[in-house]
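Before I ask anything, here is the structure I am working with.
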Amino acid sequence: MNKTTKNMKEICIRILNERGVTLDHIVDIVYGLQKKYVPDLTKEVCLDAILRVLGKREVQNAILTGIELDKLAEENKLSEPLQTLINNDSPLYGIDEILVLSICNVYGSIGLTNFGYVDKTKPGIIGELDKMGKQTNTCHTFMDDIIGAIAAAAASSVAHNAEE
Amino acid sequence: MNKTTKNMKEICIRILNERGVTLDHIVDIVYGLQKKYVPDLTKEVCLDAILRVLGKREVQNAILTGIELDKLAEENKLSEPLQTLINNDSPLYGIDEILVLSICNVYGSIGLTNFGYVDKTKPGIIGELDKMGKQTNTCHTFMDDIIGAIAAAAASSVAHNAEE
Amino acid sequence: MNKTTKNMKEICIRILNERGVTLDHIVDIVYGLQKKYVPDLTKEVCLDAILRVLGKREVQNAILTGIELDKLAEENKLSEPLQTLINNDSPLYGIDEILVLSICNVYGSIGLTNFGYVDKTKPGIIGELDKMGKQTNTCHTFMDDIIGAIAAAAASSVAHNAEE
Amino acid sequence: MNKTTKNMKEICIRILNERGVTLDHIVDIVYGLQKKYVPDLTKEVCLDAILRVLGKREVQNAILTGIELDKLAEENKLSEPLQTLINNDSPLYGIDEILVLSICNVYGSIGLTNFGYVDKTKPGIIGELDKMGKQTNTCHTFMDDIIGAIAAAAASSVAHNAEE
């Protein structure tokens, strides 16, 4: 990781925090996904994996782009019909899932399966983000997928390391 | 659908049957995935969606290729180390998930989420295929992902039509 | 195509026009890509394929999202560091290529190959958009990839139909 | 890289050699792709990048699987209609492009663009593989895409490192 991407990693962690998500929230999801496959899994191992994922440039760019669109939708600053599509988190919008593909895939194709699973079951903070997005003025159309994808990629990294 | 792809569709349905999966098995998975989103969903609608998915060339080619690899592994006809990788259904092999991406995506990115979910939860025939692959000489490394992907793509098609 | 997607198709064509691209510009690229494979290819066939591509919801959503980001960057309305990343069209940003994957893939995996090719060779309007984006205040970070992806998907559709 | 993946890397290099491709062949393609962007590029840097790509498990699995299918097609050992589809390298088969996606993407989405470009322009050994596959009994349906994808991923790795 060079200086730019290290710096960007800190920026991303700060932005996630500002949107209500801590690294501990993500640790809980990764731990929940992998503990049945890796009996001696610790939360430290999960955190390390998350930090590796957040050190990747494509992950950082996806985070910055997705959260920006959520914030612009919240502030009603997008043109129609995009404003309504993002603000309503229409299940057929689909760009949120596409954007986070670049996150899911950083540790290979198991990331995809884990992502699909958390996207449907919405464990922990993901469910809260989803509920908040639907009930309040907050827009989390991209945010819930971003967190799910970071957790899914970190879970893949844990799985790869455990097997080796 | 032209004559070749129509003919290929019938070949694919026959090959799926020979490997122990009927269209009704897949209907059950699609119905299970979508009934909570589409209150008046019928099994006929699910079957129509599955037949649309099976009419697509990229789906047909993925089915033919994946099942051929399963059968060759079963007959011990692959070179090492591939023979062992496929026969053991190693979670880090990953080519099974990649191959079926071309199926999941035929009706857009929601297919991906549905696929990840069924790949983890293994409803109906998918769980049976997985168990059979692990306990007997049968190899279903690709087959369970293929069925999951067909069901996921069909569920997406149902979702798109329901919203319209 | 239902009423919403038909209406959205017209909105997308209008937005592409406002950003300097006509359907004829895209026809020229598709024709250039496919004429050596399909000897009796006409520009009408290319236009029909483009209109089929533009009728797909995932294509429409990618167009709306990408062009919105270009316009916001142009108006200096994005937060840093995203503003600089998009405005400079950094080759390592990568989200532009990810976003348009959902366009390339609508007619199968040959779309991907065609997209990679036009993204590198920048025929016709794509080269002009790229040059304009680099030399003026205009931002075409997403726009050139969007046009390349529409042309690539339409070329795949032409190829599929020609073979059948 | 652990012992298994290091060992697998050597197996993959040997298999590529047996199918007529040396690391130098791939170096030439990577060098050709990147020299105009990285003025002081050396062939050593290209070779290092290729070896990094070949050390990744998903790359190794894609190589093993694709080349096995080519060899089985050559020996007429696949069932119909798959035997004919692979042996004829039908442009609408598409599974070759899907399989190598897992290679292209290991260093982010620029890999995809480079892959599309070499797949169309067929520089160096890729053109020779393609010609050989069409004129002789040899089947290189997967092989040319595999080499293109390795070169494309290595070129992306060079680009990332150059910028940092």
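Should a chain be cited, it is by its letter among A, B, C and D, assigned in written order, with residues numbered from 1 in that chain.
Just so we're on the same page, a residue touches a chain if its C-beta (ideal position, glycine included) is under 8 Å from a C-beta of that chain, and two chains touch if they have at least 3 such contacts.
Model, not experiment: these values are computed from the prediction.
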item: Winner on C-beta contact pairs when B-D is weighed against B-C; value: B-D
item: Per Cα centroids, the chain farthest from chain A; value: D
item: Chain B and chain D, separation of their C-alpha mean positions in angstrom; value: 27
item: Chain B and chain C, separation of their C-alpha mean positions in angstrom; value: 31
item: Contacts with two or more other chains, residues of chain B listed in rising order; value: 57-58, 92, 94, 98, 101-102, 108-109, 160
item: Of all residues in chain B, those that touch chain D in their complex; value: 8, 11, 57-58, 61-62, 64-65, 68-69, 71-72, 77-79, 81-82, 85, 92-95, 98-99, 101-102
item: Contacting residues of chain D [partner chain A, same complex]; value: 2, 4-5, 57-58, 102, 105, 108-109, 160, 164
item: Touch list for chain B against partner chain A, complex; value: 37, 91-92, 94, 97-98, 101, 108-110, 112-117, 119-121, 159-160, 163
